[in-house]
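Presented below are the structures under discussion, each in the form of C-alpha cells.
Heads up, the next two complexes both have chain A, just with different partners, chain B and then chain C.
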Partner chain A sequence: MPADAVPPDALRFSGISKIFGGVKAVDDVSFTVGAGEVHCLAGENGCGKSTLIKIITGVYQPEPGAGMEIFGQAYAQISPTQARRAGIAVIWQDLALFAEMTVAENIAFETMLGNRPRAVSYARLHQVAAAALARLDVEIDLDARLGSLPIAQRQIVAIARALVSDARLIFMDEPTASLTQSETDALLAVVRTLSARGVAVVFVSHRLAEVLEISSRVTVLRDGKLVGVFPTDGLTQSRLTELMTGTVIAHDVMARDTGDNPEVLRIEGLTRAGEFEDISLSLRAGEVLGLTGLIGAGRTELCHTLFGMTRPDRGRIVLNGQDLQLRSNRDAVAAGIAYVSEDRLALGLIQPQSIADNTVLSVLRQITGAGGLLSSRKKDATVSHWISELAVKIGTPADAVSTLSGGNQQRVVLAKWLATRPKVLLLDCPTVGVDVGARAGIFRIVRALAEKGLAILLVSDEVPEVFLNADRVLHMAGGRIAHEWDPRQTGLPEMEAAVYA
Partner chain B sequence: MTGLYRRLSAAFGPEVPGLLGFLVLVLVVFGVFAPNFLTGANFGSIAFQLPELGLLTLAMLMPIISGGFNLAIIYTANMAGLTLAFVLKQYGGVDAGYWPFILGTVLAIGVGALSGAVMGAVIAYVGAHPILVSLAMMIFLRGLGEFLTRGGDISGFPAWMATLGHGTVLGIPVPLILFLVCAVLWHILLTHTRHGFSVRMIGSNIRAAGYSGLHTRRTLILIYTLSGIMCAIAGILMLSRFNSVRVGHGEALLLVTVLACFLGGVDPFGGFGRVLPVVIALIVLQVLSSGLNLLGANQHLSTAVWGLFLVGVMILRWGAGWISERRRRGR
Partner chain C sequence: MHSFLRAYPTEAKLLAVLILICIGLSIASPDFLTLVNFTSLLNNNAVNVIWAVGLLVVLIAGGIDISFAVAASVVQYLCVYAFAAIGGGNWAIGFLFAGGFGLALGLINAFLIHQFRIISIVVTISTFNAFFGLLMFFSSGRFLYNLPSWWSGRVILWEYQTASGTWAELILPVLVMAVCMAATWVLIRRTTTGRQLYAFGDNPEGARRAGISIGLMQAIAFGWCGMMAGIAGLMQAHITKEVVPNALIGRELEVLAAVVLGGARLGGGRGSVLGCFLGVLLVAVTQNGLNLLGVSPYAFKMVVGVIILLAISTSNLDPARLFVPRKGRKA
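So, the complex of A and B:
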C-alpha cells in the first residue's frame, strides 16, 4: 500500500457484548482488523469466537452500546445482507458448497441469482470463475465436479466464490483442520496473495504454529472476554497457549528410559503394498512410542493393519512372544490391542447414542449377566468406574455423547478401549479437534496409563506432540520408517526439519 | 401430573405418555359419539384385528432401528403361509392332523428365516441398501408365490385350526396372546441383549460400531433373519384367520407397519426405537379405525385419518421440542 493513500481499517468493532439466557457469551470485546491484514482470532472452544463472527456478519445483533464500523462506515445495526454488501465473507468449516455442481458453477453461481439474466450463461460463469481463480494464482479444472476434488481445493473454490461477491474481508474458520502439510502451505500462500491484493483475512485456527506463521496480529479471547491483541513477532506457541487457556502448561520433554521393561509388541518387516513397506519396531510395556510423519505417510494405514482392519502382505506381528494372525479387529481386541481412531466424529464414537452405551460398546460380554441378558447393574458400574477414572465431565451417562466437548469425547473413547483391558493402545492423532487446554489433560492420562505398564503407540502429525510426550519417536515417510529419535538427544527443530522437509 | 409424566418417560421412553394421552383422547371421543363403542364386542374385535398388523410391525421394527428397511414382510409372511398350506394339503387338507401342522409350521418359519437371511447376507456383504435388497426380495417372492398358486387362493384346512385364528383362552383371543408373547420377546431382545444393543448402534453409525469391535455383518444377517421369522409367524396367523392363503393377502398393511413404527417414535434415520410405544401406537390406530367404522365411515376414510394422525403427532412432537428448548434457553 502506498503511504499517501492509507485505507480505513477493515473492521473497527468496540464494546461488543452478547447475552444468551443470562450468560455473557461475548463480554465487552473490541476487534479491529486493518485493511489487507492477516489477523488471527484465537481462543478455546466456547470462548466466544463464533459468536463474535456471527455478530460481525449480522447473524446476531449485539447488546446495545456497541460501536460497529466496516471499511470506515459506521453502522447502528448490521443485517447479513449489509455485511455481505460491505464486503465481508465467512468460509465456515463445512464450506457450504454444492458437491454435485462444477467448480465454475460453485464459484460464480451468485452472478446468476436475481431476476436478470433469466437464462444461465455458462460462458459468463466460466469467465467469472476463471478470473477469480486467477486472482488467487491457482489453477483448478473449472468443469470438475466439486465433490471429486480434495478438500484443499474445495477450500480454494470457497475463497474464489467469496472474491466473486467482492469480499474485502474473509473469515476462515479452521481452514487447515483437515489439510496435509503441503496443502496447508498452499493455502497459506493463497492467504498471502489475498493479503497482498488488499483483502483482509481473519484466520481462526487451533494450530498455533500456523497462526504465528501467517498472521501479523492475534486477538485472544477467553471466556467471552478480550485477553488482548498481540503482534505475532516474538510470540511463542507456549506463550500463546498460556494466553488462550489462562494457565501455564508445562512444556517439558517427558521421555524416560524404558529399555528394561519387557517387550510387548514386535513388528518385523510388515508390508502392505501401496501403504507401508518393511516396518519393524518394538514396543515395550510402559513405553510411549511416538510415530510422526506427514498425512499420507502410512501411519493410519499401519494402525489399521495392527488393529486387524486390513491384512498385511508380508511380515510378522508378535504380541507377548506370540505371532498374531488377525482376521478382523475383533481378533485384535481379543488379543489386547485397542485403537483410538483419528476420526472421532465418524469412527471413534457413535455420536447420537448415549455416553453410557458408547462406553460399554466394546465390552458387551463383560456386562452380560444371567441368562445371556445385559445387566444394567454391571453396565452402570462399568460406566461410572471409567467416567470417574478418566474424570470425564458429563451431565448424566444417558446424554448423547455428541453433547460433550472434544476433550471429554476423547476421554469416552479412551474409556471404551481401556475397559477392554488392552495391552497395547494405538492412539491415532488423539488431540484432533481437542482444545489446547484439554490436550494437556489427554496427555496426562496417556502418561498415567504408561506408568501402569500399558504399551502405547502415539501417532500424531504435530511433531511437538510426540517430541514432548513420547519416550521415543519414529518418523515415517513414504510408507517407511525414516528416522528414530530420542527426544532427550534430538531437538524439536531437527525433528521438524526432517518431517517437513 | 408432571411427576407421573416424568416417571412414565423414564421407565418406558419419552414417547409413551404422549401416546397414552392420545389413546385416552380417542377412547373418550369415540365413547361419546360412537354408539356401541365402549362394548366388549367392539374391544373383542379390536383384539382380533390388532395382532396381524402388530406382528408385521414387529417384523418391520428391527430393520428400521438398524437404519434399514424390510419391504418384503408381506410376501415373506404369505410365502411362509403357503409353505404351511402346502404341507397341510399334502397330508390330507381338511383332515390333516397336528403333526403336519407342526412340520408345516417349522418349515414355514424356516422359509421366513431363509428369506430374511438371504437379504441380510446381501446387505451385509454386498453393502447394497436394504430398501433395494428387500424390494428385490419382495418382487421375487410375489412372482414366485403367484407362479406356485397360479394367482389364486389356497384353502381347505382342518377345522381345528380356527382356534388359532378365532379362539380364546380365559376370554383372551389367541392371536392377541401370540402377539403379546412376541412383543415381549422383541422388547427383551431389543433392550436386554447384545444383539439389540448392536442393532441400535449399527442404526446410528455402522462404521463406528464396526471399529468398536461389534460383529456388524453377523448382526445384520440376524436382524433380517429374525424379521423373516416374525413375518412367518404373522403368515401362519393370517392363514388361520382367513382360512386361506393368497400371495397378496394384506398387501395394504406394508406401509401401515411403517406408519405404526414412526408413530411409536422410532427414529426414521435409525438408532432409536422401542417396542412399547409402537404397541401403543398400534392400539391407537386400531381403535381409530374401529371407532370410525362404528360411526359408519368408510374404511378408506379411516386410512385417511391414520395419515392425518401421523402428521398431527409429528407437529405435536415438534411443538413439544420447541417448548422445552424455549424453557431450557429461558433458564
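So, the complex of A and C:
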C-alpha cells in the first residue's frame, strides 16, 4: 500500500459482546469510525452505549472473539493506558476538570503528570494550552479560574485537554445537555474544526436534531444489539427515533381547545428587574401551556417567582380569583402550586435517599400520626399510591433514587409534587437527560394529569416538545413574551425560526 | 498588582484588613508600632505558622487534620526519650527526629484514610484521642524539664537594643518558620506533585481518572502535615524549655481557623502559604492589640471568634453578586 493511501479507520471493532451477570449488555456489535469522521452513537438509556464506550476505552474487557483495531493496529486486549496512548479520549458528561485551577493548568494537566520534570513551568503550561486552543480556533483567558467559566467554555477546555494528550478520536458523552442554542452551535463548530483537522469525534446525544446536523453516520443500538449504521443524509428525527426505540412514537400535535375551562392562574404585568418584564398570561384548568425560549430568556426565573422563591417587583399573581402574595415557596405549596425544577439531579431529588423518602418529602406534615410523629402506614400508602399512579418502575420503595433511570427519577419527582395535590404544576424542562422513549412516557403522564383538570405550565427549550404536547405555546425572549401560538395553526418550522432567530 | 488581586483575592482582602487593623492599633496604642512588639509577634507565632502551612497542604488535598497539635506533643515526648537514648544529640539530629516522628504519625493518618476509605475528619479525631490517650497514659501527665541544653538554650538570630533600652530580638523558630513556609511554597506551587495535590483536592474523581495516585496524594499531604507538626513541636519546646503533655491540645482549632481565614477551602483545591501567614498574623495582631488596649484576656477568644466569622462570611460573599441579579443557571 503506498504511503499516501487513505488513512486507516480510526476504529474498527467487530463482534463485541459483554455479559454482566448473565445479561448481554452488548451483543455482537460492530462499530467503525472513519479517520476524521464525526460519528454518532445513538440509542436509549440502557441500550449498551456506555458499555460499548467503556470497552473501547479499555475500562471493560469484551467477551472473547472480539476484533479490535485502532488506527490500523490490531489489539488482543486493551487497557485504559493503551487506549489513551492510541489516541482515544473520552469527555465525560461531568468533564472531570478542576474548578479551582486555571484554564491553562486544566488544559495542560497532562504535562503535570508523570515523574519528569518535577518542577512546574508555568510558561510551558501556557504555551501548551494556547497551542491547544489555537487548534480549536477558540480564545479563552488562560489565567481565568475554571470555575468562573460557563459550562460551554469548560466543555471547550475539556476538548482542548484531550488534544494536548494527542487524541485522534474523541468520545463526547452528551456534550450539549446543558448548553444554550448558541453555545451548542459554537461547540458544533469546534467539532467541525476537529474533524477538518483529522480528529474523529464520536458524539453521544439525546438531541436528535444535533445528531443529524453534525454527524455523517449514525450507529444505532437497541437492547445491546446493533440496529444498523445509517448515513444521516435523508434520515429524519422521527425515523431515527423509531430506529432507537423500535416502536413508532406518535408525533401528532396534542393540542386541544380548553377555552371553556375555568381560569386557574392569571398573571398580570409581572416584572422582576433584569429577569423578566411585563409578563401577562392566563392558565386554565386542564390546560397544558407551553413556554419556550432560549436559556436566559427568563423562563426559569419566571417559574421561580411563581413558586415564591423570588419576589416580583411589579405585577399580580392571581390564583382561582385570589391575589397571591408569595413570601416563600412554602406559601406557594400551600396555595397549590408545585414546581418540578429543571435540575432534577441536584435540586429535585435527594439521590442517596430511598424512593419512598423522596416521594413523601413534600408532604411530611400530612403523613404524621399520633403525637406529630411520622406514620409509616400513611407513608407507605402515599408512596404506593403514587408509584402505581405514575407507573414508576422500581425494585422496592426502599431502594435509593440513584438506582433509577432518568425517566423513572423524573416520575418520582412528579410524584413528590403531585402528592401535595397542586392546582398548578410548573414543569421546568422535564426531559433534560431523559431518553426518547421515556420522554413519551412523561408526556403521557402530563397529558393524563391535564385531563384530570390540573393546570400545567410546561417549560422547555426544545421547541418540538411544546409544539407537540402543549395546547398553547408562549415564546419568551429577552424577558418578555414575544409570541403566542396555537400549535394547530402555526407550524413547527415557523416556531423554531422565531425561537432560534 | 492586578494579577495578584485576581489570583489571590482572599489574600489581598486579608492583607488590606490587616493593614487597617495595624493602622488603627498604632493610633490607639503607642506600644503597638514598635520594633519590640513586632519581633515578639513573630517569635510568638512562628509555631502556629509552621503548623498552619502543614495543615494547609492537607486542606488543599481536600482533607482535614485535627490531630496535628497532639501529634506535636507526642513528638516532643518521643524526642526527649530518643535524645536521652542517643546521649544528647544536636540541632541536626533534632530536626531529623522531630520531622521523622511527625512524618510517621502523619502517615498513620494517611494509611487509615486511604486503606479503609474513612473520611479524614473521623480518622484524625480518632487519632487525636488515641495519640493524647497514649501520651497521658505513658507519661502519667508528668512534665519533662530535662531537655538537652542545645534544645532548651535560647538561640537568638538577631538582636537590637532600642533607644528606650529594651531588646528587640528574633529567635530560631522565626527562621524555621521561614524555611517551612518556603519549602511548602515550593512543594505546592513549583512542583508537579503540588499541582496534583490541588487537583486531587479539587476533584478527586477527575484526578483519579487523570491517573493520579490517590494513596500517594494522601501520604504526601498528611505526611507533610505531620512533619511540620513535629518540627513545630520541637520549636515550641525550645521556646518553653519544657515538655508538658497537655500544653498543645486545643491549638489545632486555632490554627485551623487561621488557615481557613487565610483562604484555604474546606473541601480542597484552594489555599496559599501567604494566606496562612496572613491568617495567623491577623488573629495574632488582634489579640496583641486587645492586650495593649487593656481589654480583658477573657474577651480575646470572643473577639477572635467574631473576626473569623466575619472574615469567612464576607469572603464567601461576592460583592458583584449583591448588585447584579442572578441569572438562571443550569448545572
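The rule is short, and it goes like this: the second predicted complex is superposed on the first by the 494 of 501 C-alpha atoms of A that agree within 3 Å, B and C clash if a C-alpha of one lies under 4 Å from a C-alpha of the other, contacts with A are read in each partner's own complex, and residues count from 1 in each chain.
Convention: a contact is a pair of C-beta atoms (placed from the backbone, for glycine too) under 8 Å apart; a residue touches a chain by one contact, two chains touch by 3 or more.
Here the structure is a predicted model, which is why all the values come from computation and not from measurement.
Participant: Output check: A:Ile151 vs chain B and chain C. Expected answer is one of first, second, both, neither. What do you get?
Facilitator: In the superposed model, A:Ile151 contacts chain C only, not chain B.
Participant: Tell me the contact category for A:Ala273 with respect to chain B and chain C: first, second, both or neither.
Facilitator: second
Participant: Quick check for you: in the superposed arrangement, does A:Ala74 touch first (chain B), second (chain C), both or neither?
Facilitator: Touch status of A:Ala74: no partner.
Participant: Check whether A:Glu301 is in contact with chain B, with chain C, with both or with neither, and answer first, second, both or neither.
Facilitator: Once the two structures are laid over each other on A, A:Glu301 reaches chain C alone.
Participant: Just checking: does A:Met101 make contact with chain B only, chain C only, both, or neither of them? Give me first, second, both or neither.
Facilitator: It touches chain C, and chain B stays clear.
Participant: Is A:Val23 in contact with chain B, with chain C, with both, or with neither (first, second, both, neither)?
Facilitator: Once the two structures are laid over each other on A, A:Val23 reaches no partner at all.
Participant: Is it chain B or chain C that touches the larger share of residues in chain A?
Facilitator: Of chain B and chain C, the partner in contact with more residues of chain A is C.
Participant: Determine where on chain A the residues touched by chain B overlap those touched by chain C, and list them.
Facilitator: Residues 346, which sit in both footprints.
Participant: Can you name the residues of chain C that touch chain A in the complex?
Facilitator: Residue positions touching the partner: 3, 6-7, 189-196, 198-199, 201-203, 205-207, 209-212, 265, 268-270, 324-325, 327-328, 330-331.
Participant: Can you tell me which positions in chain A touch chain B when the two form their complex?
Facilitator: Touch residues, chain A against chain B: 20-21, 309, 329-330, 333, 339, 341, 346-353, 357, 361-362, 364-365, 368, 372-374, 416, 420.
Participant: If we count contacts the way the header does, which residues on chain A are in touch with chain C in the complex?
Facilitator: 81, 92, 94-101, 105, 109-110, 112-114, 117-120, 143, 151, 178, 272-275, 295-296, 298-301, 342-343, 345-346
Participant: Flag every residue of chain B that touches chain A in the complex, lowest number first.
Facilitator: Within the complex, chain B touches chain A at residues 188, 192-194, 197-198, 200-201, 204-205, 207-215, 271-272, 329-331.
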